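Following this message is one structure expressed as structure tokens.
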Amino acid sequence: MEPKQGGTVPNSLPEDVAVIDSGRSGRTGYPEVVYCRGKTTAQAEAIIVRMREEQIPVLGTRTRPALAKRILARFPDAEYDTLGQTLTIGRFCAPEDRRGLVVVVTAGTSDLPAAREAAVTAEFFGSNIALINDVGVAGIHRLFARLPEIRKARVVIAAAGMEGALAGVIAGLVSVPVIALPTSIGYGASFGGLSALLGMLNSCAPGISVVNIDNGFGAGYQANLINRR
Amino acid sequence: MEPKQGGTVPNSLPEDVAVIDSGRSGRTGYPEVVYCRGKTTAQAEAIIVRMREEQIPVLGTRTRPALAKRILARFPDAEYDTLGQTLTIGRFCAPEDRRGLVVVVTAGTSDLPAAREAAVTAEFFGSNIALINDVGVAGIHRLFARLPEIRKARVVIAAAGMEGALAGVIAGLVSVPVIALPTSIGYGASFGGLSALLGMLNSCAPGISVVNIDNGFGAGYQANLINRR
Amino acid sequence: MEPKQGGTVPNSLPEDVAVIDSGRSGRTGYPEVVYCRGKTTAQAEAIIVRMREEQIPVLGTRTRPALAKRILARFPDAEYDTLGQTLTIGRFCAPEDRRGLVVVVTAGTSDLPAAREAAVTAEFFGSNIALINDVGVAGIHRLFARLPEIRKARVVIAAAGMEGALAGVIAGLVSVPVIALPTSIGYGASFGGLSALLGMLNSCAPGISVVNIDNGFGAGYQANLINRR
Amino acid sequence: MEPKQGGTVPNSLPEDVAVIDSGRSGRTGYPEVVYCRGKTTAQAEAIIVRMREEQIPVLGTRTRPALAKRILARFPDAEYDTLGQTLTIGRFCAPEDRRGLVVVVTAGTSDLPAAREAAVTAEFFGSNIALINDVGVAGIHRLFARLPEIRKARVVIAAAGMEGALAGVIAGLVSVPVIALPTSIGYGASFGGLSALLGMLNSCAPGISVVNIDNGFGAGYQANLINRR
Amino acid sequence: MEPKQGGTVPNSLPEDVAVIDSGRSGRTGYPEVVYCRGKTTAQAEAIIVRMREEQIPVLGTRTRPALAKRILARFPDAEYDTLGQTLTIGRFCAPEDRRGLVVVVTAGTSDLPAAREAAVTAEFFGSNIALINDVGVAGIHRLFARLPEIRKARVVIAAAGMEGALAGVIAGLVSVPVIALPTSIGYGASFGGLSALLGMLNSCAPGISVVNIDNGFGAGYQANLINRR
Amino acid sequence: MEPKQGGTVPNSLPEDVAVIDSGRSGRTGYPEVVYCRGKTTAQAEAIIVRMREEQIPVLGTRTRPALAKRILARFPDAEYDTLGQTLTIGRFCAPEDRRGLVVVVTAGTSDLPAAREAAVTAEFFGSNIALINDVGVAGIHRLFARLPEIRKARVVIAAAGMEGALAGVIAGLVSVPVIALPTSIGYGASFGGLSALLGMLNSCAPGISVVNIDNGFGAGYQANLINRR
Amino acid sequence: MEPKQGGTVPNSLPEDVAVIDSGRSGRTGYPEVVYCRGKTTAQAEAIIVRMREEQIPVLGTRTRPALAKRILARFPDAEYDTLGQTLTIGRFCAPEDRRGLVVVVTAGTSDLPAAREAAVTAEFFGSNIALINDVGVAGIHRLFARLPEIRKARVVIAAAGMEGALAGVIAGLVSVPVIALPTSIGYGASFGGLSALLGMLNSCAPGISVVNIDNGFGAGYQANLINRR
Amino acid sequence: MEPKQGGTVPNSLPEDVAVIDSGRSGRTGYPEVVYCRGKTTAQAEAIIVRMREEQIPVLGTRTRPALAKRILARFPDAEYDTLGQTLTIGRFCAPEDRRGLVVVVTAGTSDLPAAREAAVTAEFFGSNIALINDVGVAGIHRLFARLPEIRKARVVIAAAGMEGALAGVIAGLVSVPVIALPTSIGYGASFGGLSALLGMLNSCAPGISVVNIDNGFGAGYQANLINRR
């Protein structure tokens, strides 16, 4: 890593970029996923290209539009969800092999980015999914109207910002595990999702476990693991 | 305040103890209240005695049992609520002059101390009160079963710790103001009631305003003000 | 929600956008409000259009100028307050049906955005309003000069950032409920309004309840509820 | 709730104590649990007695020794775990009906109270359990030595305080869901378990979801739900 | 520091206890003060004895009653203030040499311990002092009634917990420096004085500077420095 | 405040902008200052123009360059400090009437903006000033080299970010009051100046009081008050 | 782990207590240490006995006096430091094999417990140690007086609470690594050592790295590692 | 510092910019380093030019690309690392005089900027370096695969964001000091690196000390000090 004299050292050599965890499938049953934020476009692209060369199906999360555009141009079978910022290339699980149902529920429209990241992730790894939007507890009849659909789930993901009460209310109404997905929606004393996170961690309803703020990927992955167990 | 030579200076002279805000009734319509915590037993007793000498009806909050015992022994018409730690002597508002209804709702039995402080306060200042206990959102049918009673209120106080979701759910179901009373019930990431406080401040249901953690007095006072407006 | 092959999935289908809580008026007496932040321009516009189709009067909060411009172009009877970023279309309450008086008081000029959101909201839902600006406690005679006007209110909203002391001082001077509206004005240890929020929650004057930082809408809604009770 | 004249009002009448959620089994498949902290001994005992009268099997958590002693004296079939402070009376699930395996892993001996609360809970509701103690990541070979046992689990609970790294390391080594149980073990910048909680929420290994600090009950309940799904 | 074999090592040898900063007077004009908390009784006593041997006048702060009792027994000219927990032996400044006036103002009776620590400190180092108690801003006329006395001060110390608004209101009414002394009085969201501290730091009135929570000593010392400048 | 039909309401009418505290000089001896942040350019300009019409000398703080440019164009005697973002028009105190010396010391070059705001403020209100830059405690000999100059001060302002140790070290070396001015310089765990603020509040050297993070104005104002007392 | 019927289950069976990391010496060159807090007396004693059976030299930290008393009674060669609460049995490194010098410096007497834990640890693992007490930066000449001794060190440990400035000042004066050991000494805004921790992390002097609050063991261990490298 | 009439005062005169600590080499053995953030381009450039005039080798950290470009144009022997944003001119230690090995290990590619700042710093001051990327604990076999290389180090720097577990796992596997370098990588509850910082401070593995979030310079400097001790 001797910097060159009299000039600018390039960002890093290709071999520095990342160590693809090719044994991951063997250990955990699922391939690695590319978290694109914090990587330069060049780094992320290099990783994706290498994975495709090894024919690993790709799920990229937090994929900025500019990066997505490059990948879509290069891989004709790539798909990009502009709201959830997920990118997929190839299939880890064929549609006909999907099993069970993961229902993703949001408190409000602003929670859709995290919710769709969760939904795309769970589908990618082999779950059937449904997304029920905008049924927050401030108008609780909206939630009750959708309970029959929610009760079809093997696992429910509850995405909510602000006070995050949705997860606890649902957990008291269903007999399956609820994955609570706090979002950074809100302002002032929501402190970037901290309020929703704390609310969900402190829910007095059992049957809830929580992922990081805006971690739709983590929620979808865990929901799929539980669903396909 | 020249300390005495060669000895211990007494805690403070009687005239130092407190300045009774005897003009408060004129300005705000209600007499001063004695917040007993942070005062020595001698200080609190001195204040109460002086108020009774001026025939001001007394509401003492956060009254430790030992202090209450002294006051009960001295004033035969004193009343003490062991759970809410409120002490009253005399009446500010005769029972027949009470107006309207303030309903205090708790998420769980552990919220009763704050809830009863709120109820005693609202009653002392002139409201009829009802207390509905243990109807937290984790078992939401318990709340629905009591909705007809809750809907009789002119103001609702919602007392809850942990995630504090009760306030938002109620506010979406009633047409009157809700005073959210976060309690310090919980452990771990409840951070002494911070979680409930943040949840209530971030509720997406309008029609809620919030008081300090465990501030039953403040909730009851504000509810009575609104009720009797 | 099967993403399309080889391309970009649109942000979300119209039916995903939001569930208009059309039963809200029946339950709480007031229609739903559109919180525009966190929604794309397309999402917010779709919701507003649908509400107008159902002839629901619209109050939009946190409406960015670009969105407001689109709506103003489409609905000739829309009104936009550039400082408070509120947008209204149609009337929920005719001017002649307004009742009572809500006085909104600010500590300083920088608190006006939150204060005007509060004032527009209270007026929209049926209160007469007055706004008294720049009477913070650092120059307390300015506040005293306006006390006669403030004392005409049935409810006072006190908007202040920094130390948020305005709410407690006013509550000690009036006999009506005070809604404390902390704002994010300040820097350094104001921590985005946290300082004002904590100050207001800890006020030793009774008769105060608090809404979220910068939540002018919540303050105005609660004040109107109390005023029209 | 009219306080009695000239005396002390009892803590609360029996009918105030709690609303047993007897429909809970129908909705969620599992009976209610008694969280004993924050309740007086009299309140907790009254609730337990009433549940036994309705022949509901009892799981009490955070049961102080003094309360446990009273219950053990009254109910000969009660059992108490002094470390995890769980109390059980009757059986919700007979030993022969237990299914699957939940493995509870601790980073250190000090994590045992939370871990045992988790284990007792999962067993009570119908899981077989194993507890593997003191295999924290600072001596990672201890963890590897127990991997074959851990890999028999359908769900793993990872209990750890301090930096909470155990959950992420395990999640990278197994193919089943991991429930991360942060504990308040540590000092200084562990801030009562906050450090472990944040570490677990931020784990870069997928397949983790998190419960509140020291919430062994929540971890055990969720693990059983997943295990028996 | 070789620990002894087979036994308990004493807490520390006398020479370890403390390094008396005997040059402090020369550098700053004032002798060192003994902060007793965090020291064992033996350590504190050893330091005080040594200072008296060198005929340094002693001001001890945070002196527990048990320690004070020992010192009072040993030094007949020692004085102890039980409320402020200050201990003095000897005089740094004779009463006739005191100059100027420092007025210490409290928001409430519970602020007296910090206020008296401040007053005793300022007097010890050479200021005349006055203490005005219980004039918090919730009943602002009480403050105005004492303004003539407060305006005699060369420096004002404003001691307040909860929202800490007293400092800012006073600073807008006087032409001298205000030292804001936040106290840990309050509960819930006062977070041990954090709320008062933040309120005072964010005061929009100029002419305020702030010391640590409950740091009466620091306030009194700084006020005396300014007063005698 | 009736919003106009079918259009955009202007930001606020001139009479709303601000209430000039023209009695402030009488009460506190000093005129009001214009804090420009949080005000629109139009609001700030309107306030300044009105003050000049009343011939009040102007000190504007946090004056963005664009605003400064407008004012400099309009008032030929305006002065602007680009680093400290202070703007002055007219003189409150003629140079020949300045008294005493306030020395502003910085830990590093990055602290200059806050330090210069402090220096300009103290000078505007009547102090002679000196600014000693870049003498942080990491190279403590730099500080010792400047001690003779620092010791000429009647008041010292110590501006430092990061760990904020400068204030405590200076206070141990001088016999005059030190105003500690924490700055937001730093990154990571400096948390926007919180680290420096806490360090200064906790200094074990007496003779320090603290202002808000980056509050150069407050430091300079308080220093001048003390200096000219 | 099947709880026994009709009674109390013992705290845990011996085999549950802990997994002694007997391979630790091989991997890292040093044996395991017993952190006694959070363990019951029985658990800690069982671990120590087992280690002695395997002839592993014991260093116990955070050893309460009651536990120490039991161990001292059982092992005649045990040593206990009452201030630092360290317990040692046997020798890992004979005195004649100690190498280099670690100097532990404290800001004040109250920092001695953490400092002595550090010193005992470094000595146990093979360093010569010296302890220099009470040379905090508020009286910086005390530090300079001891610089010649400090400069003999190969590693310096700087123990300080409150603002924690000692570490940065020393690091600017020596050419060896400084281990910063924040302590929980202080009150109010020291927040249990957080202030010192942040100050040390933000020091602008290079050559510092930091351990957890009150983690004397960690500081001593790391210092010895560096010293003996 | 008299501001000029009728115009803008320049940012600060050259002599204000900074005090080069030219005695630093003598005291600590190493020259001063230029921390470029928080300095204007003109300020940073002036400092660098002056250092080169005195023939001091320059290490600039946090050097924005625009500043680097100016310096590279002026000094043909300057080198810039675009990822770590370090700039060097001249050599403090010739390649042939480097000693020992510092291994910098990252948890993920996003940690490279901090890691490279650390590596460049250690090399500049005289260490041989190796950088091992992307071996975070979620796929722990990647770490084990590189253990032989890591074990060649005299000091290891472990750079990780999110949960920061890498440092503790490595410290349990090596016999040399580990410098933990938390990074701000992550989102949500990583709170800008706070989660990693707390995790590293709380690691139960001894042999770790921690630097500020993203403080690659501090880590590299400390590692080199230890390595070359």
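Think of it as A, B, C, D, E, F, G and H in the order they're written, each chain with its own count starting at 1.
Here is the rule we go by: a residue touches a chain if its C-beta (ideal position, glycine included) is under 8 Å from a C-beta of that chain, and two chains touch if they have at least 3 such contacts.
Please read these numbers as outputs of a predicted model, since none were measured by experiment.
Interface residue usage between chain B and chain E, two copies of one sequence, is largely distinct: under half of the residue numbers at the contact are used by both copies. Just one of B-C, A-B or D-H has an interface built like that of G-H, with over half of its contact pairs in common by residue number: B-C. Centre-to-centre separation of chain D and chain F, using mean CA positions: 55 Å. The mean-CA centres of chain A and chain F are about 47 angstrom from one another, to the nearest whole unit. Chain F and chain H have CA centres that are 33 Å apart. Residues of chain D in contact with two or more other chains: 24, 27, 108, 138-139, 171-173, 188-190, 194, 197, 201-202, 204, 212-213. Chain pairs that touch, as defined above: A-B, A-C, A-D, A-H, B-C, B-D, B-E, C-E, C-F, D-G, D-H, E-F, E-G, F-G, F-H, G-H. Per the touch definition, chain F reaches chain C in the complex via residues 1-12, 16-19, 21, 23-24, 27, 32, 37-39, 43, 47, 182, 184, 192-194, 197, 212-215.
Across the complex, chain F meets chain E through its residues 24, 27-30, 33, 35, 154-155, 171-177, 179-180, 197, 201-202, 204, 206-212, 217-219, 221-222, 225-226, 229.
Chain contact summary for the complex, chain D toward chain H: residues 107-108, 136-140, 161-165, 168-169, 171-173, 186, 188-191, 194-196, 198-205. Interface residues of chain F facing chain H in the complex, by the touch rule stated above, are 68, 72, 76-83, 88, 95, 108-110, 112, 116, 119-120, 123, 129-131, 133-135, 139, 141-142, 185, 187-190.
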